[in-house]
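Input: structures, listed below.
Look for chain A in each of the two complexes below; its partner is chain B in the first and chain C in the second.
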Partner chain A sequence: MPGAWVGLALLGALVAPVLLRSPSHQNLLVLTAINVILVASLDMLIGLSGLVSLGHAAFWGIGAYTSALLVMRAGVPFLVALPAAGLAAAAAGLVIGYPSLRLRGHYFVLVTFIFGIIVTLLLTSWVELTRGPMGLPGIPFATLPWVGGTEVVLNTFQDKVRYYYLVLVVALLTLWVRSRIMGSRMGRALVAVREDEDLGQTLGVDTHRYKMGVFVLSTAQAGLAGSLYAHYSTFLAPETFDYVASFDLFVMNLVGGAGTPLGPVVGPVLLTAVRDALRSTHPVLGAVLFGVFLILSIQFLPRGVVGVWDHLRGRRRW
Partner chain B sequence: MVTPVLRVEGLTRSFGGFRAVSSLTFHVDPREIVGLVGPNGAGKTTTFNLITGFLRPTAGRVWFQGREVTGCPPHRLARLGLVRTFQQTRVFSRLTVEENIRLALHRHEPGGLRRTLWGPAPGEAAALERRVDEILEFAGLQEARRRRAEELPYGEQRILGVAMALAVDPVLLLLDEPLAGMNATEAEAAIQLVRAIRDRGVTVLIIDHHMETLMRHCDRLVVLHHGEKLAEGPPEAIRRHPEVVRVYLGEEAAV
Partner chain C sequence: MRRAVDVVTILQFGVNGLFVATGYALVALGLTLIFGVLHVADFAQGALYMLGAYVSFYATQAGGVGYFAAVALAMATGAVLAALNGGVVYLPLQRHGGSLTFVAALGVLLILQNAALWWFGGDFRLVPSPFGDGKFSAGGVVLTHHQAFVLGATGCLVLLLWAGLRYTKPGKALRAMAQQPEAARLVGIDIQRVGLLAFAVAGGLAGGAGALMAPVRAFDPHIGAVVILKSFAIVIFGGMGSVPGAIVGAAVVALAETFTAAYLAAEFADLVAFGLMIVALFARPQGLLGRLPT
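Right, the complex of A and B next:
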């Protein structure tokens, strides 16, 4: 891994809220960090294992609603709701992954895509639980225990910086886990899945088990991102987690560079602001633009922006 | 009497109404090199797929080292020591030669959450690297170790495929046309590698069309025709077998 660049990126992430002082810029920082969690977890499927998921935002949504409802309806503290959101998304990942990961290629893509649509439909039509299309307002801010038995309330309307650092910690953990897995026995087994699954099996790799492992881990991380999003925005709506959102994450992953060390950082940093600006004002233009990014990326940057950089430096990684 | 390494009994596989393999019975003893031969479409590769769990037999059973393994999935068979190569060249073509071998050592690498997150114990990585070196040297691929597999000449890619199978540490190696598409020199080098593998104590079942080569190097041959066993025995007996001569007439009559 290019250590100097990782260090520079880390430094940039740490000082960013000091340099960007306006609330709208800091809002983008938080959303970017949440997208880094989502894209890094998605990249363990797409970049590392060759498992193209077009339903990642659904697991994000399951985490978001789980966490919000647990805090609102059951009075659960944030620090319990956060892991619970991860577990709920992982449980959904287990149920969807077990049968569908036996499918190959396009069939798996289709199942994840359809699952994403089903989740959006459920969030929209289960009005008693989610308030459906009206959305879920008034989600409490995250509270963290503090010294001396007191609590800090992370009021994200008044102060986004503290919340940004909370999200950053989870994002760094996600990136760290991803990089550890990529260099491990599990990572090599998943490379076998990506490159030639039959060959992997003849070498004794229990490919289904590893696919399940990485899928459940990835969906759990998406669930954590959901919880962090819910208590940041304090308002949830089903369309935030629809198939367009899944597609956007997919594009961020490919544009940044699937399977590259810094790709899951570069993609969200480049595209979160674009996406956020367009999604509220010109949603159709936003979708079209991301489609164009995708085509350009596949056509000209098969390893994303990071891949171009590596190419210029004469490096190539597997 | 020794337990055969591999025994198949009444092995049958139908695709619709077509019987690709029909009531096939044979065995392979420890440290033998057995050739599975027959014209195109005789059911050789289907037999391999049935033995290695890529296809489920319609009928019949498979024993590996005296233990029934009918319908066992491929990865589990590999762990037991029953390893195959493929007819087409199958290597991880975008990875380097040493990465290919390293991946093939999966079964010998300890795993677990602690190692995933904090890395392997100091000695473990070095031990695996030594195994990579040893296999590369045995297969004569040290020079190519840092090259991507797809950049190797065809013959060396096939050798790499065999070396990866060897890295799994097989008891029985099933080689599906390891010599296909090789010139005479490459084929000779490859068959010498197969013999060297046998000399390490590995039993070999081999499919190939190079009849002359198989005749010279196999201990026994099993001849398939239309999915059925036509003949079985040592090469000299097969050479004179009237049915075999008849089937191969006009094709490999000189054999």
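Right, the complex of A and C next:
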């Protein structure tokens, strides 16, 4: 792994809010960092284990709504709601993953996809809990305990930089966990799942257990990203977490380079701003272009920008 | 909303449910056919249903074509587009593995849906039925002439499909591909051609379903996504790759949906198909009438 690039990326992430001073740019920075968490956790499934999940945004949404509702309805502090969001998403991952990961073939991708649809339908129809299509406004800002028993309120309308660093910490932790897993026994078992599951099982690897492990971990991280998103934007709507959002994450991962060390950073950095601009200026044309782009990148960029870069430099996948 | 629980009302909901089932069944049949042969989950079939509905709308309203000719035109459009789609997008992707074709299929759905939104606008449309308001009535249970026509037409299409798969040479090649792809290749079956045939047949069914339903169910460009998601849940519930499973699954889901909307909660009726699918995945992952992948 090219350590120089990692150092450079880290430096860039740290100084970015100092260089980009306008609120709209800083907004994109926070969203990019949240996407890094989501794509890095998704890539543990797609890139590492070969498990294509098309419902990742649903787990993000479960985390977001769990955290928002816990703080709003139960008065739970942010620092409790954040892990609770991760736990809720992980619980959903456990329920969905257990049956679908036992099956080979396309069951996993289908079930995750349809699970995403179900979550969007539930968030839309369960109006008493989520306010449905009207959306959930007025989510309190995150508060963190500070020295001397005081509290810091992270008002993201006034100051996005502090919140960006909070998200960055979680993003770096997610990337760190991902790289640790890749080098571990679990990571090797998951590569076995990706390359030849039968062979792995024959050699005594309990592939179902490892697949469950990585799926629950990945969905938990998506849940954390949900909580971070909820207390950043202070407004949630079901369509933020619909199947198109799951698609966006898939494409970011694909374009960045699934299974490559820096892919989950490159994809969101390249695409978050583009997607945001397309969605807000011309959603219909944006969706058409997005579909075309998606198909072309599947055809011609199966290992993403990082893959092309490595190819040009004559390097093989590690 | 309280509904009367008497025989006539229940029979009426049963009839309505069966009618809803025909639309799902035609799309689900195409999906299961493509899936059985090529292991591609072709979500773009939903867009072909939607385009079939629009073809029948513009052919009858602007083109001065009769409704029955419009249905045939919708089927032809669906078949051509599906084969094109299969040849250009999916078959070249086969070497990358099935999950990516699934994503590409959703991409095609997204493209067609938004292109339709652009060209046709977002207004809801309805095609006038050639049968007008005519209806049969037996003991209080009502079946409109159009509903009867759709039920009959669906029956004919299913029979044709069954006979085609069973007795014609291309049909046998399709079944051979589904059962033993390697052996099919060994005896000289051209996979590309059989694959394109599966796409064309499925596209024809989906386009036809769109046109058949267009006089009953108001549609906009988003209808394709709604129909395909349910058809997909039906295919998983009935058993991926199983033709009888698609039909039985469609009937079960449509009836469950109709009765849920009538007696339980209308806002959750859309969830029924997915609920049944999840139950099937836990209890019988190969689906009602399917076989487990090996």
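What we mean here is this: the second predicted complex is superposed on the first by the 317 of 318 C-alpha atoms of A that agree within 3 Å, B and C clash if a C-alpha of one lies under 4 Å from a C-alpha of the other, contacts with A are read in each partner's own complex, and residues count from 1 in each chain.
Here is the rule we go by: a contact is a pair of C-beta atoms (placed from the backbone, for glycine too) under 8 Å apart; a residue touches a chain by one contact, two chains touch by 3 or more.
Keep in mind it's a predicted model, so treat the numbers as computed, not measured.
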Chain A residues in contact: does chain B have more, or chain C?
C
Check the residue A:Tyr107 against both partner chains and state whether it touches chain B (first), chain C (second), both, or neither.
second
Contact-wise, after the overlay, does A:Gln299 reach chain B, chain C, both or neither (first, second, both, neither)?
second
Tell me the contact category for A:Leu203 with respect to chain B and chain C: first, second, both or neither.
first
Which partner chains sit in contact with A:Phe157 here, chain B, chain C, both or neither? Use first/second/both/neither.
neither
So, in the complex, the side of chain B touching chain A is made of residues 52, 54, 73-76, 78-79, 83-86, 90-96, 99, 102-104, 106-107, 109-111, 115-119, 164-165, 167-168
Under the stated contact criterion, what part of chain C meets chain A in this complex?
39, 41, 89, 92-93, 96, 98-100, 102-104, 106-111, 113-115, 117-118, 229, 232-233, 236, 240, 267-268, 270-271, 274, 277-278, 281-282, 285, 292-293
In their shared complex, chain B is touched by residues of chain A numbered 177, 180-181, 183-186, 188-189, 191-192, 195-196, 198-207, 318
What residues of chain A sit close enough to touch chain C in their complex?
52, 54, 99-100, 102-107, 109-111, 113-114, 117-118, 121-122, 125, 243-244, 247, 250, 284-285, 287-288, 290-292, 294-295, 298-299, 302
